[in-house]
Amino acid sequence: MENKEIWLPSLITKTPQEGRELAIKMARKSIAAIQTDPEVRKKLRDDYANDTKQLIASANVVALEFQTVAAANNYWK
Amino acid sequence: MENKEIWLPSLITKTPQEGRELAIKMARKSIAAIQTDPEVRKKLRDDYANDTKQLIASANVVALEFQTVAAANNYWK
Amino acid sequence: MENKEIWLPSLITKTPQEGRELAIKMARKSIAAIQTDPEVRKKLRDDYANDTKQLIASANVVALEFQTVAAANNYWK
Amino acid sequence: MENKEIWLPSLITKTPQEGRELAIKMARKSIAAIQTDPEVRKKLRDDYANDTKQLIASANVVALEFQTVAAANNYWK
Amino acid sequence: MENKEIWLPSLITKTPQEGRELAIKMARKSIAAIQTDPEVRKKLRDDYANDTKQLIASANVVALEFQTVAAANNYWK
Amino acid sequence: MENKEIWLPSLITKTPQEGRELAIKMARKSIAAIQTDPEVRKKLRDDYANDTKQLIASANVVALEFQTVAAANNYWK
(Lines give C-alpha, C1' and ligand atoms only; values in the text may rest on other atoms or scores of the structure.)
Protein backbone atom coordinates (compact mmCIF):
# COMPACT_ATOMS: atom_id res chain seq x y z
CA MET A 1 0.00 0.00 0.00
CA GLU A 2 2.81 2.28 -0.99
CA ASN A 3 0.37 5.08 -1.83
CA LYS A 4 -0.68 5.34 1.81
CA GLU A 5 2.85 5.88 3.12
CA ILE A 6 3.34 9.53 4.12
CA TRP A 7 6.54 10.40 2.32
CA LEU A 8 5.96 14.14 1.82
CA PRO A 9 4.87 15.69 5.12
CA SER A 10 6.41 19.05 4.16
CA LEU A 11 8.37 20.86 1.47
CA ILE A 12 10.57 22.55 4.07
CA THR A 13 14.15 21.36 4.39
CA LYS A 14 17.01 22.60 6.53
CA THR A 15 19.49 23.19 3.70
CA PRO A 16 19.53 23.56 -0.08
CA GLN A 17 21.23 20.22 -0.37
CA GLU A 18 18.48 18.48 1.58
CA GLY A 19 16.16 20.25 -0.84
CA ARG A 20 17.96 18.53 -3.71
CA GLU A 21 17.52 15.17 -2.03
CA LEU A 22 13.82 15.88 -1.60
CA ALA A 23 13.53 16.88 -5.27
CA ILE A 24 15.11 13.58 -6.33
CA LYS A 25 12.74 11.71 -4.02
CA MET A 26 9.76 13.51 -5.52
CA ALA A 27 10.85 12.54 -9.03
CA ARG A 28 11.29 8.90 -7.98
CA LYS A 29 7.92 8.79 -6.23
CA SER A 30 6.20 10.01 -9.40
CA ILE A 31 7.63 7.09 -11.29
CA ALA A 32 6.66 4.70 -8.49
CA ALA A 33 3.10 6.05 -8.63
CA ILE A 34 2.83 5.07 -12.30
CA GLN A 35 4.84 1.83 -12.30
CA THR A 36 3.73 0.47 -8.95
CA ASP A 37 5.60 -2.86 -9.10
CA PRO A 38 8.96 -2.42 -7.30
CA GLU A 39 10.41 -5.49 -9.03
CA VAL A 40 9.66 -4.01 -12.46
CA ARG A 41 11.12 -0.67 -11.39
CA LYS A 42 14.32 -2.35 -10.25
CA LYS A 43 14.62 -4.10 -13.58
CA LEU A 44 13.91 -0.87 -15.47
CA ARG A 45 16.54 1.00 -13.47
CA ASP A 46 19.39 -0.36 -15.59
CA ASP A 47 17.65 0.97 -18.69
CA TYR A 48 17.87 4.59 -17.72
CA ALA A 49 20.98 4.66 -15.55
CA ASN A 50 23.07 3.73 -18.59
CA ASP A 51 21.30 5.85 -21.15
CA THR A 52 22.45 9.45 -21.14
CA LYS A 53 19.26 10.63 -22.87
CA GLN A 54 17.23 9.32 -19.97
CA LEU A 55 19.68 10.57 -17.36
CA ILE A 56 19.33 14.07 -18.81
CA ALA A 57 15.53 13.76 -18.92
CA SER A 58 15.61 12.69 -15.27
CA ALA A 59 17.75 15.71 -14.40
CA ASN A 60 15.09 17.87 -16.08
CA VAL A 61 12.47 16.49 -13.70
CA VAL A 62 14.71 17.03 -10.69
CA ALA A 63 15.30 20.65 -11.77
CA LEU A 64 11.54 21.25 -11.94
CA GLU A 65 10.87 19.64 -8.57
CA PHE A 66 13.71 21.63 -7.03
CA GLN A 67 12.19 24.87 -8.32
CA THR A 68 9.15 24.10 -6.16
CA VAL A 69 11.16 23.04 -3.12
CA ALA A 70 13.40 26.10 -3.36
CA ALA A 71 10.44 28.49 -3.62
CA ALA A 72 8.78 26.77 -0.63
CA ASN A 73 11.92 27.39 1.39
CA ASN A 74 12.25 30.99 0.17
CA TYR A 75 15.55 29.86 -1.35
CA TRP A 76 16.94 29.21 2.17
CA LYS A 77 17.63 32.91 2.55
CA MET B 1 -19.70 12.36 -20.65
CA GLU B 2 -16.44 12.33 -18.76
CA ASN B 3 -15.82 15.98 -19.61
CA LYS B 4 -18.83 17.02 -17.55
CA GLU B 5 -17.64 15.30 -14.38
CA ILE B 6 -16.35 17.87 -11.89
CA TRP B 7 -13.00 16.44 -10.94
CA LEU B 8 -11.17 19.69 -10.10
CA PRO B 9 -13.33 21.78 -7.77
CA SER B 10 -10.27 23.36 -6.17
CA LEU B 11 -6.46 23.38 -6.18
CA ILE B 12 -6.35 23.47 -2.38
CA THR B 13 -5.28 20.32 -0.56
CA LYS B 14 -4.71 19.64 3.10
CA THR B 15 -1.15 18.35 2.79
CA PRO B 16 1.74 18.39 0.31
CA GLN B 17 1.24 14.70 -0.29
CA GLU B 18 -2.40 15.20 -1.23
CA GLY B 19 -1.07 17.88 -3.54
CA ARG B 20 1.10 15.24 -5.24
CA GLU B 21 -1.92 13.01 -5.69
CA LEU B 22 -3.81 15.91 -7.23
CA ALA B 23 -0.89 16.64 -9.58
CA ILE B 24 -0.89 13.02 -10.76
CA LYS B 25 -4.65 13.18 -11.28
CA MET B 26 -4.28 16.37 -13.32
CA ALA B 27 -1.71 14.72 -15.56
CA ARG B 28 -3.94 11.68 -16.05
CA LYS B 29 -6.98 13.80 -16.82
CA SER B 30 -5.05 15.63 -19.55
CA ILE B 31 -4.36 12.35 -21.25
CA ALA B 32 -7.98 11.29 -20.83
CA ALA B 33 -9.10 14.55 -22.44
CA ILE B 34 -7.10 13.73 -25.58
CA GLN B 35 -7.59 9.96 -25.73
CA THR B 36 -11.21 9.80 -24.60
CA ASP B 37 -11.70 6.03 -24.99
CA PRO B 38 -11.04 4.37 -21.59
CA GLU B 39 -10.51 0.98 -23.23
CA VAL B 40 -7.78 2.38 -25.47
CA ARG B 41 -6.18 4.13 -22.48
CA LYS B 42 -6.13 0.89 -20.51
CA LYS B 43 -4.43 -0.87 -23.41
CA LEU B 44 -1.93 1.97 -23.81
CA ARG B 45 -1.08 1.90 -20.12
CA ASP B 46 1.26 -1.08 -20.53
CA ASP B 47 3.17 0.86 -23.15
CA TYR B 48 4.34 3.58 -20.86
CA ALA B 49 4.44 1.82 -17.50
CA ASN B 50 7.26 -0.38 -18.81
CA ASP B 51 9.16 2.21 -20.76
CA THR B 52 11.47 4.29 -18.61
CA LYS B 53 11.58 7.10 -21.18
CA GLN B 54 7.85 7.53 -20.86
CA LEU B 55 7.87 7.14 -17.10
CA ILE B 56 10.38 9.98 -16.89
CA ALA B 57 8.33 12.12 -19.28
CA SER B 58 5.27 11.46 -17.12
CA ALA B 59 7.20 12.52 -14.03
CA ASN B 60 8.04 15.76 -15.86
CA VAL B 61 4.33 16.48 -16.28
CA VAL B 62 3.62 15.69 -12.63
CA ALA B 63 6.42 18.05 -11.56
CA LEU B 64 4.87 20.87 -13.62
CA GLU B 65 1.37 20.25 -12.29
CA PHE B 66 2.71 20.11 -8.75
CA GLN B 67 4.37 23.50 -9.21
CA THR B 68 0.90 24.94 -9.77
CA VAL B 69 -0.73 23.04 -6.90
CA ALA B 70 2.07 24.00 -4.50
CA ALA B 71 1.85 27.68 -5.42
CA ALA B 72 -1.95 27.58 -4.99
CA ASN B 73 -1.45 26.21 -1.48
CA ASN B 74 1.30 28.73 -0.68
CA TYR B 75 3.54 25.69 -0.29
CA TRP B 76 1.48 24.54 2.73
CA LYS B 77 3.34 26.99 4.90
CA MET C 1 -9.53 32.97 -41.52
CA GLU C 2 -9.11 31.02 -38.33
CA ASN C 3 -6.43 33.40 -37.09
CA LYS C 4 -8.93 36.24 -36.92
CA GLU C 5 -11.39 34.37 -34.72
CA ILE C 6 -11.26 35.72 -31.15
CA TRP C 7 -10.89 32.56 -29.12
CA LEU C 8 -8.98 34.00 -26.14
CA PRO C 9 -10.77 37.12 -24.88
CA SER C 10 -9.55 36.53 -21.34
CA LEU C 11 -7.56 34.15 -19.14
CA ILE C 12 -10.15 34.39 -16.37
CA THR C 13 -12.38 31.38 -15.76
CA LYS C 14 -15.01 30.71 -13.15
CA THR C 15 -13.55 27.47 -11.82
CA PRO C 16 -10.27 25.54 -11.86
CA GLN C 17 -11.86 22.94 -14.09
CA GLU C 18 -12.86 25.55 -16.66
CA GLY C 19 -9.24 26.66 -16.41
CA ARG C 20 -8.18 23.15 -17.43
CA GLU C 21 -10.48 23.30 -20.42
CA LEU C 22 -9.00 26.62 -21.41
CA ALA C 23 -5.48 25.21 -21.06
CA ILE C 24 -6.34 22.34 -23.38
CA LYS C 25 -7.85 24.78 -25.85
CA MET C 26 -4.70 26.90 -25.77
CA ALA C 27 -2.55 23.86 -26.52
CA ARG C 28 -4.81 22.87 -29.42
CA LYS C 29 -4.85 26.38 -30.85
CA SER C 30 -1.03 26.43 -30.90
CA ILE C 31 -1.01 23.34 -33.04
CA ALA C 32 -3.72 24.81 -35.28
CA ALA C 33 -1.61 27.94 -35.72
CA ILE C 34 1.27 25.86 -37.11
CA GLN C 35 -0.68 23.23 -39.05
CA THR C 36 -3.43 25.44 -40.41
CA ASP C 37 -5.21 22.81 -42.52
CA PRO C 38 -8.06 21.30 -40.42
CA GLU C 39 -8.24 18.24 -42.68
CA VAL C 40 -4.58 17.47 -42.08
CA ARG C 41 -5.02 18.03 -38.34
CA LYS C 42 -7.94 15.60 -38.25
CA LYS C 43 -5.84 12.99 -40.03
CA LEU C 44 -2.90 13.60 -37.68
CA ARG C 45 -5.11 13.24 -34.62
CA ASP C 46 -5.02 9.44 -34.77
CA ASP C 47 -1.24 9.59 -34.72
CA TYR C 48 -0.97 11.11 -31.31
CA ALA C 49 -4.14 9.88 -29.61
CA ASN C 50 -2.80 6.34 -29.82
CA ASP C 51 0.81 7.03 -29.02
CA THR C 52 1.49 7.32 -25.31
CA LYS C 53 4.72 9.27 -25.91
CA GLN C 54 2.73 11.97 -27.66
CA LEU C 55 -0.10 11.88 -25.17
CA ILE C 56 2.41 12.54 -22.39
CA ALA C 57 4.06 15.34 -24.40
CA SER C 58 0.62 16.87 -24.92
CA ALA C 59 -0.05 16.68 -21.19
CA ASN C 60 3.22 18.54 -20.66
CA VAL C 61 1.93 21.41 -22.81
CA VAL C 62 -1.40 21.46 -20.97
CA ALA C 63 0.43 21.61 -17.63
CA LEU C 64 2.41 24.64 -18.81
CA GLU C 65 -0.64 26.44 -20.17
CA PHE C 66 -2.53 25.71 -16.95
CA GLN C 67 0.28 27.27 -14.92
CA THR C 68 -0.45 30.52 -16.74
CA VAL C 69 -4.23 30.25 -16.44
CA ALA C 70 -4.03 29.39 -12.74
CA ALA C 71 -1.73 32.34 -12.00
CA ALA C 72 -4.06 34.67 -13.94
CA ASN C 73 -6.93 33.50 -11.75
CA ASN C 74 -4.88 33.77 -8.56
CA TYR C 75 -5.43 30.03 -8.24
CA TRP C 76 -9.20 30.61 -7.78
CA LYS C 77 -8.59 31.51 -4.16
CA MET D 1 20.43 41.45 -41.84
CA GLU D 2 17.53 39.78 -40.12
CA ASN D 3 19.21 40.06 -36.74
CA LYS D 4 19.08 43.85 -36.89
CA GLU D 5 15.33 44.04 -37.52
CA ILE D 6 13.52 45.21 -34.37
CA TRP D 7 10.77 42.65 -34.02
CA LEU D 8 10.35 42.76 -30.24
CA PRO D 9 10.02 46.38 -29.10
CA SER D 10 7.84 45.37 -26.14
CA LEU D 11 6.18 42.41 -24.42
CA ILE D 12 2.99 44.41 -23.88
CA THR D 13 -0.03 43.50 -26.00
CA LYS D 14 -3.59 44.79 -25.94
CA THR D 15 -5.31 41.44 -25.50
CA PRO D 16 -4.49 37.86 -24.44
CA GLN D 17 -4.97 36.72 -27.99
CA GLU D 18 -2.42 39.21 -29.30
CA GLY D 19 -0.20 37.83 -26.57
CA ARG D 20 -0.60 34.37 -28.11
CA GLU D 21 0.40 35.73 -31.49
CA LEU D 22 3.47 37.33 -29.96
CA ALA D 23 4.38 34.04 -28.24
CA ILE D 24 4.20 32.21 -31.56
CA LYS D 25 6.33 34.90 -33.17
CA MET D 26 8.92 34.58 -30.41
CA ALA D 27 9.13 30.83 -30.96
CA ARG D 28 9.54 31.30 -34.71
CA LYS D 29 12.21 33.95 -34.29
CA SER D 30 14.25 31.60 -32.10
CA ILE D 31 14.30 29.05 -34.87
CA ALA D 32 15.18 31.76 -37.40
CA ALA D 33 18.08 32.84 -35.18
CA ILE D 34 19.58 29.33 -35.34
CA GLN D 35 18.68 28.37 -38.92
CA THR D 36 19.28 31.74 -40.56
CA ASP D 37 18.60 30.65 -44.16
CA PRO D 38 14.91 31.42 -44.97
CA GLU D 39 14.96 28.99 -47.92
CA VAL D 40 16.07 26.15 -45.68
CA ARG D 41 13.45 27.08 -43.09
CA LYS D 42 10.72 27.03 -45.73
CA LYS D 43 11.83 23.59 -46.83
CA LEU D 44 11.97 22.36 -43.23
CA ARG D 45 8.48 23.66 -42.51
CA ASP D 46 6.84 20.63 -44.11
CA ASP D 47 8.83 18.39 -41.82
CA TYR D 48 7.28 19.63 -38.64
CA ALA D 49 3.83 20.77 -39.79
CA ASN D 50 2.99 17.16 -40.61
CA ASP D 51 4.63 15.49 -37.69
CA THR D 52 2.50 15.52 -34.56
CA LYS D 53 5.52 14.98 -32.32
CA GLN D 54 7.02 18.21 -33.58
CA LEU D 55 3.73 20.07 -33.51
CA ILE D 56 3.39 19.17 -29.83
CA ALA D 57 6.99 20.19 -29.13
CA SER D 58 6.31 23.51 -30.85
CA ALA D 59 3.22 24.01 -28.71
CA ASN D 60 5.44 23.44 -25.67
CA VAL D 61 7.66 26.34 -26.75
CA VAL D 62 4.65 28.59 -27.38
CA ALA D 63 3.30 27.76 -23.90
CA LEU D 64 6.61 28.81 -22.34
CA GLU D 65 6.84 32.03 -24.32
CA PHE D 66 3.23 32.84 -23.46
CA GLN D 67 4.00 32.43 -19.75
CA THR D 68 6.45 35.29 -20.11
CA VAL D 69 4.15 37.47 -22.21
CA ALA D 70 1.22 36.89 -19.85
CA ALA D 71 3.29 37.80 -16.77
CA ALA D 72 4.57 40.94 -18.53
CA ASN D 73 0.95 41.98 -19.13
CA ASN D 74 -0.10 41.09 -15.58
CA TYR D 75 -2.40 38.54 -17.22
CA TRP D 76 -4.40 41.39 -18.85
CA LYS D 77 -6.25 41.92 -15.59
CA MET E 1 40.29 28.99 -21.17
CA GLU E 2 36.81 29.76 -22.34
CA ASN E 3 35.38 29.10 -18.89
CA LYS E 4 37.23 32.11 -17.47
CA GLU E 5 35.84 34.58 -19.98
CA ILE E 6 33.23 36.84 -18.33
CA TRP E 7 30.32 36.61 -20.75
CA LEU E 8 27.47 37.19 -18.31
CA PRO E 9 28.22 40.28 -16.20
CA SER E 10 24.52 41.05 -15.80
CA LEU E 11 21.02 39.89 -16.77
CA ILE E 12 19.92 43.49 -17.42
CA THR E 13 19.42 44.54 -21.02
CA LYS E 14 18.15 47.77 -22.52
CA THR E 15 15.34 46.26 -24.59
CA PRO E 16 13.31 43.03 -24.83
CA GLN E 17 15.03 42.23 -28.09
CA GLU E 18 18.47 42.50 -26.50
CA GLY E 19 17.03 40.19 -23.87
CA ARG E 20 16.27 37.66 -26.61
CA GLU E 21 19.83 37.89 -27.84
CA LEU E 22 21.11 37.31 -24.33
CA ALA E 23 18.80 34.29 -23.95
CA ILE E 24 20.20 32.77 -27.14
CA LYS E 25 23.73 33.43 -25.92
CA MET E 26 22.96 31.73 -22.62
CA ALA E 27 21.66 28.64 -24.43
CA ARG E 28 24.76 28.53 -26.63
CA LYS E 29 27.12 28.93 -23.70
CA SER E 30 25.51 25.97 -21.94
CA ILE E 31 26.30 23.79 -24.91
CA ALA E 32 29.83 25.17 -25.07
CA ALA E 33 30.27 24.34 -21.39
CA ILE E 34 29.51 20.67 -22.07
CA GLN E 35 31.12 20.26 -25.50
CA THR E 36 34.20 22.40 -24.92
CA ASP E 37 35.89 21.77 -28.28
CA PRO E 38 34.90 24.61 -30.68
CA GLU E 39 35.85 22.52 -33.72
CA VAL E 40 33.51 19.74 -32.68
CA ARG E 41 30.75 22.26 -31.99
CA LYS E 42 31.16 23.79 -35.46
CA LYS E 43 30.89 20.33 -37.00
CA LEU E 44 27.83 19.51 -34.89
CA ARG E 45 26.12 22.75 -35.86
CA ASP E 46 24.96 21.34 -39.19
CA ASP E 47 23.30 18.49 -37.36
CA TYR E 48 20.83 20.62 -35.52
CA ALA E 49 20.39 23.60 -37.85
CA ASN E 50 18.80 21.25 -40.41
CA ASP E 51 16.80 19.12 -38.07
CA THR E 52 13.48 20.68 -37.10
CA LYS E 53 13.19 18.50 -33.99
CA GLN E 54 16.41 19.99 -32.68
CA LEU E 55 15.54 23.51 -33.78
CA ILE E 56 12.33 23.26 -31.76
CA ALA E 57 14.20 21.83 -28.76
CA SER E 58 16.64 24.73 -29.01
CA ALA E 59 13.75 27.20 -29.09
CA ASN E 60 12.48 25.56 -25.89
CA VAL E 61 15.78 26.35 -24.18
CA VAL E 62 15.73 29.94 -25.44
CA ALA E 63 12.17 30.35 -24.11
CA LEU E 64 13.27 29.19 -20.66
CA GLU E 65 16.34 31.43 -20.60
CA PHE E 66 14.24 34.36 -21.75
CA GLN E 67 11.82 33.79 -18.87
CA THR E 68 14.71 34.46 -16.52
CA VAL E 69 16.04 37.47 -18.43
CA ALA E 70 12.56 39.01 -18.70
CA ALA E 71 11.90 38.59 -14.97
CA ALA E 72 15.29 40.13 -14.17
CA ASN E 73 14.34 43.16 -16.25
CA ASN E 74 10.85 43.35 -14.73
CA TYR E 75 9.60 42.70 -18.27
CA TRP E 76 11.07 46.08 -19.39
CA LYS E 77 8.05 47.84 -17.95
CA MET F 1 30.09 8.30 -0.29
CA GLU F 2 29.49 11.02 -2.80
CA ASN F 3 25.98 11.62 -1.50
CA LYS F 4 27.34 12.85 1.84
CA GLU F 5 29.59 15.51 0.31
CA ILE F 6 28.13 18.99 0.90
CA TRP F 7 28.22 20.48 -2.58
CA LEU F 8 25.28 22.89 -2.28
CA PRO F 9 25.65 24.94 0.91
CA SER F 10 23.79 27.88 -0.65
CA LEU F 11 22.12 29.12 -3.82
CA ILE F 12 23.71 32.55 -3.44
CA THR F 13 26.51 33.46 -5.83
CA LYS F 14 28.44 36.67 -6.27
CA THR F 15 27.74 37.14 -9.98
CA PRO F 16 25.32 35.89 -12.66
CA GLN F 17 28.14 33.99 -14.28
CA GLU F 18 28.93 32.13 -11.06
CA GLY F 19 25.21 31.40 -10.99
CA ARG F 20 25.55 29.74 -14.42
CA GLU F 21 28.40 27.61 -13.12
CA LEU F 22 26.29 26.58 -10.14
CA ALA F 23 23.38 25.71 -12.46
CA ILE F 24 25.65 23.46 -14.52
CA LYS F 25 26.95 21.83 -11.35
CA MET F 26 23.38 21.19 -10.17
CA ALA F 27 22.52 19.51 -13.47
CA ARG F 28 25.64 17.33 -13.27
CA LYS F 29 24.97 16.35 -9.67
CA SER F 30 21.48 15.17 -10.60
CA ILE F 31 22.96 12.79 -13.13
CA ALA F 32 25.56 11.64 -10.62
CA ALA F 33 22.79 10.94 -8.10
CA ILE F 34 21.13 8.53 -10.55
CA GLN F 35 24.20 6.98 -12.18
CA THR F 36 26.42 6.76 -9.11
CA ASP F 37 29.38 5.01 -10.75
CA PRO F 38 31.92 7.69 -11.83
CA GLU F 39 33.58 5.28 -14.28
CA VAL F 40 30.30 4.66 -16.05
CA ARG F 41 29.57 8.39 -16.13
CA LYS F 42 32.96 9.09 -17.70
CA LYS F 43 32.26 6.48 -20.37
CA LEU F 44 28.79 7.88 -21.00
CA ARG F 45 30.14 11.42 -21.34
CA ASP F 46 31.22 10.84 -24.94
CA ASP F 47 27.69 9.78 -25.79
CA TYR F 48 26.12 13.10 -25.06
CA ALA F 49 28.96 15.53 -25.73
CA ASN F 50 28.85 14.55 -29.41
CA ASP F 51 25.12 14.30 -29.81
CA THR F 52 23.46 17.65 -30.40
CA LYS F 53 20.07 16.33 -29.27
CA GLN F 54 21.52 15.55 -25.87
CA LEU F 55 23.52 18.76 -25.71
CA ILE F 56 20.30 20.71 -26.25
CA ALA F 57 18.46 18.62 -23.66
CA SER F 58 21.30 19.32 -21.21
CA ALA F 59 21.02 23.05 -21.94
CA ASN F 60 17.31 22.76 -21.09
CA VAL F 61 18.19 21.42 -17.65
CA VAL F 62 20.77 24.16 -17.09
CA ALA F 63 18.17 26.80 -18.04
CA LEU F 64 15.75 25.41 -15.46
CA GLU F 65 18.36 25.23 -12.72
CA PHE F 66 19.48 28.76 -13.54
CA GLN F 67 15.91 30.02 -13.15
CA THR F 68 16.06 28.86 -9.54
CA VAL F 69 19.54 30.25 -8.88
CA ALA F 70 18.66 33.61 -10.45
CA ALA F 71 15.46 33.92 -8.39
CA ALA F 72 17.40 33.04 -5.22
CA ASN F 73 19.82 35.86 -5.99
CA ASN F 74 17.03 38.30 -6.86
CA TYR F 75 18.58 38.37 -10.33
CA TRP F 76 21.74 39.98 -8.89
CA LYS F 77 19.99 43.34 -8.88
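First chain written, first letter: the chains are A, B, C, D, E and F, and each begins at residue 1.
We take it that a contact is a pair of C-beta atoms (placed from the backbone, for glycine too) under 8 Å apart; a residue touches a chain by one contact, two chains touch by 3 or more.
All values derive from a computational prediction rather than experimental measurement.
Trainee: Could you tell me the least number of steps, going only between chains that touch, from chain A to chain D?
Mentor: The fewest steps needed to get from chain A to chain D is 3.
Trainee: What are the mutual neighbours of chain A and chain C in this structure?
Mentor: Common neighbours, chain A/chain C: B.
Trainee: So the centre of each chain is just the mean of its C-alpha atoms; given that, what is the distance between chain A and chain F in Å?
Mentor: One centre to the other, that is 16 Å.
Trainee: If you average the CA atoms of chain B and of chain E, how many Å lie between those two points?
Mentor: Spacing between the chain centres: roughly 32 Å.
Trainee: Cα centroid separation between chain B and chain F, in whole Å?
Mentor: The computed centroid separation for chain B versus chain F comes out at 27 Å.
Trainee: Can you list every residue of chain F that touches 2 or more other chains, as numbers and ranges?
Mentor: 48, 53, 57-58, 60, 64, 67, 71
Trainee: Once you draw an edge for every pair of touching chains, what topology comes out, line, ring, star, complete or other?
Mentor: Contact pattern: a closed ring, each chain touching exactly two others.
Trainee: Residues of chain C touching chain D in their complex?
Mentor: Residues in contact with chain D: 3, 6-12, 26-27, 29-31, 33-35, 40, 44, 47-48, 51, 53-54, 57-58, 60-61, 64-65, 67-68, 71-72.
Trainee: Taking the complex as given, what residues does chain F use to touch chain E?
Mentor: Against chain E, chain F makes touches at 15-17, 20, 24, 48-50, 52-53, 55-60, 62-64, 66-67, 70-71, 75-77.
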